[in-house]
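As structure tokens, here come the structures.
Heads up, the next two complexes both have chain A, just with different partners, chain B and then chain C.
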Partner chain A sequence: MLRNKLKEIDLSQSLIFLILLALLFTFILYPLIRVLYVAFTEADSLSLSHFINFFERALFKESFLNSLSAGLMAVIFGSLISLPLAFFTIKYDFKGRTLIQTLGILPLVMPPFVGAVALQLILGRSGVFNLLLLKWFGTSVPFMEGLRGVIIVQTLHYFPFIFLNASASLANVDPSLEEMAQNMGSHGLRLFRRVTLPLMMPGYVAGILLVFIRVIDDLGTPLMLNYTKMLAPQAYLRVTTIGVEDKAGYVICVIMVVLSLLSLWGAMKFLSLSEYAMVQRGGAGTPISKKIGGWRLVFVLVFCFFVLGVSLLPHLGIFVLSFAKVWSFSILPKSYTLNHYVEIFFRTPHFVKNTLLYCLLAAGIDVLLGSVIAFLLIRGKVFGKGLLDAIATMPLAIPGVVLATGYLRVFHGTNLPFFHQPLTSLWIILVIAYSARRLPYTLRSCYASIQQIHISLEEAALNLGANRRKTFFRITFPLMTGGLIAGGLLAFITSSVELASTIMLVPRMEYGPLSYGIYIYMQSAVGRGPGAALGVVAILLVATGTYLVNRVFAGGSGTAFKL
Partner chain B sequence: MKRFFYYVICFVWMFLLVASMAGAATKEVVIVTSFPKELFETYKKAFEARYPGVTVVVKQKQTTEGVTYIRETASKPEADIMWASAVDAFQVLKAEKLLAHYSLSKEISSKIPARVGTYPIHDPDGFFFGFALSGYGMMWNKPYLQAHKLKPPAEWTDLIDPSYYGHLAISAPSRSGTTHLTVEAILQAYGWEKGWALLLNMGGNMAVVTERSFGVPEGVNNGQYGIGIVIDFFGLSAISSGFPVDFAYPSMTPIVPANVGIVKGGPNSENAKRFVNYLLSEEGQVLLFKPDIGRLPVIPELYARAPSGYPNPFKMKLGVLDFNSELSSVRYGLLNSLFDQIVTFRLGELKEAWGAIYKAEKAIEEAKKKKKDVTKAAALIAEARSLATRVPVPESKANNKDFNKAFKGKEKTEARAKLETEWDAAAKANYSKAKELALKAMEMI
Partner chain C sequence: MNKASEVRLINLGKKFGEVEAVKDVNLTIERGDFFTFLGPSGCGKTTLLRMIAGFTRPDQGTILFDGVEVNDIPPWKRDVGMVFQSYALWPHLSVFENVAFGLKERNLPKAVVQEKTLRALSMVNLEGLERRRPSELSGGQQQRVALARTLVIEPRLLLLDEPLSNLDAKLRIQMRQELVRIQRDLGITSIYVTHDQEEALTLSTRIAVMSKGHVVQVGSPKEIYENPKSQEVADFVGTSNFFSGSVVEELKDKLRVRTEEGVMLAVERQPELPLGIGSNLLLNIRPESFRISDADEVSSGENRVEGVVKTSAYLGSLVQYEVEVSGGKRVKVNLVNPRKKSLLREGERVSLTFSSEDVIAIPFGR
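Now for the complex of A and B:
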């Protein structure tokens, strides 16, 4: 038995496997272990005292509860927005529903901290809305105060995760099941509650948990809104002002990891359940969508466009701000200018340039690692593949603040050979952080695209005399290009708006990418305009990327994924 | 064709990777600064033009973050220059022996007076140097005050007026060296207990305690907040950028220098010296007048060249505050932490308490007019006020060097955590009790 097993292990693959393992260990697992180590030890012996201290301190306890409740509220409000949207656009047939589906993704193309700035302008204390209220009714509503503001921004930003996942699983619900129920006399709400909802549950729950993870992870929004009583900002403040020696920062990191791990585990559990819901479906029939008209149509349209209108307000706000010369306590800016764009493209072009450079590199690294890991996982004959998979998926549950803290802890003191500087003072640290954070996304899309390639194609190449490497590069690799490009783009767009790990790791001003630039610009009187202009660039970048991903995936289902 | 395309992509990508690795360091001077972009960009350009071949590398960090950074890299310093406003941050660095000694040349030092008011411009021991003067004050948004029918404030003590409830903004001293100085200055001007009473009452009027020091001027500029407590150049540069704001120095304000110091053992010490010299030369000093910088040079004769209406600190008649920077550096960390625990992180409770107090006081005033007996309610309010202005640390402890050790060393985190928990609990209890008393007083009327 054992000998047979050993025979199946391929030596060159094992070598690659070891190299990969070393890489992942150094940049993902080890920093995390160091964080855990600091949090769980007292004078080098195992101890829970820091955790006990943590929960004894009212401030931390409240931060913990605030983070939890922000996550919960974002999920609840996000569901209130997304479920009707998903239901209407999938189950009803009316003009404009594709438009609504497209607009529903747009909130994701804005970095949340930019959304925070923009929403301040619109819903803030002296935002457009409150100024109008003040003018007409002599009162104002404090939308953006404290935790409420954070929840509003995060809900508006992250609800598409629920919307997308819920629509996808709703569309996947086997229509014959619903027909059966209808034949047996179930209609309307009862049909939805007893049949449709349970069937779409797994996708919906996965969406919810994704939102929850993001909210826990989000550092930019609370920072921009000056609300620090949450886990991520507390960890950031502890580590940056008190120093990497402060224990409380690590404890917060560990708690964040635990929260995201739990949610991730839940999401995966539910997603695997979703498979049985779809087993029935063999391309049989498209989901039933009812034609609607009259007052129902009016209601649906009013609802959809109201919700989407509100969620697209930040985009509008940041766009106007990027052209505004002086916008102070007035409903609209007093005068307009193009100077902010001149500033960011000609006077300080490095923010945009750095973003392109870092994110392209990170995307490249991710595609390379992702495709090789995925190949090993599916076709590889090596021992311990599961470990590789586990470490590579781990970053999903490591918040940016935690990863950055780990990097600072691990790489800060030691100089690299040849560079005579520690890794944390080279800009490559940002590329590494982005690659590590986005690896799971690319890995998943590479995995999916390899799975689609039938093994017989590779076997044919091998039979015809090509060796393993040649087969990989000539057959497997070209066939999986669609998935690779999509995965790479995904990594690119998400890292271009990454703030949490960026502000902790940027070694020096000139190395700052776009997200950092926005953060820095927002710190001076004349900088708000250029900051907003950078925000618009970020939105355009992400929007283009998202569009391309969809194109590749859509075209991919015809070409690259076919077999 | 398609394959060729992929090769090109791969090639370009590999090129990027290699090019990035090869970006080796040339001649540099590495500067840690808390200053906004406009300021350091101006000096970076000017200095690089003056010394071709030298690159100015800027690491922008908040002051306290910068101190932490220099402390943590002390075994092998990465930075050459610390460049920030807060003099107490430099005191801390000097005390921890992280700064290098340097003597200015006669040519430079002869033009700069030893003191502004009673405050020495340079560190007398030669570890850091003032390059620009700053006063602290209040800036306000004119249309905002108009719309809310508020008068512009003139003194720190004006800020506790109930009419300003919910309209003020300040940044956390733990995150902003300049606010730290303002808070320290208020405490020194009015004394520990009274100063804290003033600060906590102001805190009750705060709409926000921002995490970034620029959060305050930003909020005032765009009209989020009415009045912000800021360092003068935030006000001056916003006025010159066309925002409808104004700025005033209260009479009790310290005029203190913003500083530059050379990091001990930094990698480019020659360039660091050059930078300091450049900053203090006439050529460097004149740059401070630029409208988007708006700072006050340390060379008095340069004010002849200043734009009209520019304040001249050497002629200003400002308060007699004799700023004690030694005391300030003793309790630096404690003050940051204390303010965070009892104001920043408890702002919600503090605001509620003061809101209730103001409401009750208004009701009492009205009841008095109707000739009702309000003595009991007034007594409750007096107690509520005393609770909502109480600082949980006595001055004797706060100024005690041993007591402050918990906020200095790396190992004392336990002690620190214990104190922080204690203060937090005290603040929470005091404020909720104060609110309760005020509500009770309301009921009695």
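Now for the complex of A and C:
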């Protein structure tokens, strides 16, 4: 038995495996362990005292509850928007349905912290909307104050995750299951409640858990709105202002990881469950989409375009702002200029340049790691694949703030051999952080594309005398390029708008990438124009990337954003 | 069950874009019938059934239940029960909940739901499996759940779309018998769709053979098999040996026909087929109609052709031969109960005899 098993182990594969394991351990697991260690020890012995302190302090308790309720609210409001959208576009057949499906993912192409700025211009205290309200009714509504603002921004930004997952699971419900219910006398809302909803539930729940993870993770939105009574900004403030020795920051990190892990675990469980509702064999399986007209059609169109209109307001706002000379206390800017673009492309070009450099590097690293790990996981003859998979997937549940805190903790004090400074003083730390954060996405994409390749294609090559390494590079690799490109693009676009780990890890101003630039510019009133211009660049980058990913995947809009 | 319905289809038609899935179907399905639509894949059977259930709207024509038009009645008000080919069991509900679904939909009291559900489950021999999920059942058990779920609401009409096609051969035969038993017990009007001719023949009281959206012949299993009205039907139902020829002589109750191969055959004269000398017709002889004798053995059969055994296949209960007769034509010959006789070898000369009653005449060109 054992000897047979040993025979199946490939030595050179094992070597690669060990190197990978060491890499992932150093940059993912170890920093996390250090964070846990600090949080759970008092003078080097195990203790829960920091956690007790945490929940005894009013500010932290409030932050904890705020984060939870922001997550909950974003999920509730996101569902109120997404469920009808998904239902209408899947179940009803009308002109404009595809347009709505496409517009529905556009909120994702805007980094949430950019959206926060834009929404403040529109819904903020002196934003367009309130100015109009004042003018017409002599009153104003403080939409963007405090937690409320955070929730609005996050809802409008993240609801597409729910929309996409709900649409996909709704479309996957076997139509004969619904027809059968009609045949049994059920229809309308009752049919939806008794059959359709339970069947689409797992996919939908997975979607809301993903949103929850992102809300917990999101540092940019609260910072931009200057609301810090939430977990991520508290951790950030503790670590950056009080220092790496402050225990409370670590405790918050641990709490964030636990929340994310629980949600991720739930999401995966529900996703695997969601397959049971899929189309079964045989039978006439034409999805039921009903042609609608009259007042129903009007209602559906008004709802969809109102919701999408509101969710695309930030895009419009940021676009106008980037061309505005002065825009304050007026409904629209008084005059327009191209100066902000001149500023960002000629005076501070390093923001855009750094982003391209870091994110391309990170994407390259992820593609390399992702494809090799995926290959080992699927075809490799080594022990301990599960461990490799687990560590590589872990970043999904490590918020950016936590990873950055871990890096600061691990790498801050020690000089690297040849550079004579610590890793945290080099810009490469950003590339490493991005690679680690996005590895799970690339890995998934690579995994899926390798799985599609039938092993016999490789065996044919081996059979013809090519060795394992040659086979990988000449057969397997070219066949999986589509998945690799998609995975790389995904890593690229999401890294280019990563704020949380960026602002914690940027060693010096001139090493800052685009997201950092936006953050810095937006701190001052005069910087808002150039900040918005950078925001437009970010949106264009993400939009192009998303478009390309979907082209490569050819799986319809939004494939890239499902877990 | 006394609410079984009579169904009439008048000029029923449905197009999907350019494809005419169902064309000009006119039929009456009697109360208590076990009526089968039989036809090759893609001939429109499912479409027809879905129109009766109300899932698909006909482009033209009328559907009447007991003389009342139902075209505009939505599926949930038609009170017909349908069994899908894929069973369409709800994976999120237990066996009990699946079967009870329609009863709850009718807002029956809990005790009644309980009692009727259990009775339906016992009717299909599924006692004790109430708590299971559909995914924890075998194919045959899933099939029974689907059937029980449909029967429990006591529909006026039972529709079955190839319900046995996902089962293995043995189970299929067993389920066939159960289906017949339950249908006859309940007396429920049933419409069954299949492309399996054997299934159609054993189950049905009446059969409609379909081809390319049309109903080409309606009749009892015996009529369809023994008296197909076209080559299409003859070919689809059972195995056939076709000869085309023309009438050369008219006798009192027989016709003499010369086939293209030059064989002279005696054919029973049929009153509904007025055929004069010179008229062309197609003859069909079923493989089991032949008797085989050695070439030199004398036989009293009315028809006799000589040939050489080309292939033989031993199937246990019968042997299938292919015999080459004059003109190079090969005919399929089945010999049942071969145990009593010694088998013929390939290359052996035989003479085939068969009665004139076993020759099915089909007017040519129809």
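The rule is simple: the second predicted complex is superposed on the first by the 546 of 563 C-alpha atoms of A that agree within 3 Å, B and C clash if a C-alpha of one lies under 4 Å from a C-alpha of the other, contacts with A are read in each partner's own complex, and residues count from 1 in each chain.
In this section, a residue touches a chain if its C-beta (ideal position, glycine included) is under 8 Å from a C-beta of that chain, and two chains touch if they have at least 3 such contacts.
Keep in mind that what you see is a predicted model, and the values were worked out from it rather than measured.
Judged by the touch definition given at the top, the superposed model places A:W327 against chain B, while chain C stays out of reach.
Once the two structures are overlaid, the count of chain A residues touched is higher for B than for its counterpart among chain B and chain C. In the superposed model, A:M180 makes contact with chain C only, not with chain B.
Shared-chain residue A:L199: touches chain C; no touch with chain B.
Residue contacts after overlaying the shared chain place A:A58 against chain B, while chain C stays out of touching range. With both structures placed on the common chain, the touch criterion links A:G96 to neither chain B nor chain C. Judged by the touch definition given at the top, the superposed model places A:I520 against chain B, while chain C stays out of reach. Residue contacts after overlaying the shared chain place A:P84 against neither chain B nor chain C.
Taken together, the two structures place no residue of chain A in contact with chain B in one case and with chain C in the other.
Listed in rising order, the residues of chain A touching chain C in the complex are 174, 176-177, 179-187, 190-191, 194-195, 198-199, 201, 276-277, 280-285.
In the complex of the two chains, the chain B residues touching chain A come out as 2-3, 6, 13, 16-17, 20-21, 25, 30, 36-38, 40-41, 57-62, 64-65, 68, 71-73, 75-76, 78, 141, 143-144, 147, 174-175, 207-212, 214-215, 217-218, 221-225, 234, 237-238, 241-245, 292, 336, 341, 344-345, 348, 410, 413, 417, 420-421, 424-425, 428. Within the complex, the chain A residues that touch chain B are 53, 56-59, 120-121, 124-126, 134, 146, 223, 226, 228-229, 233, 237, 240-248, 325-330, 348, 357, 360-361, 364, 412-413, 415, 421-422, 425, 427-428, 431, 478, 481, 507-510, 520-528. Residues 46, 50, 53-55, 74-77, 79-82, 84-88, 90-92, 101-102, 105-106, 135, 149-150, 153, 161-162, 165-166 of chain C touch chain A in their complex.
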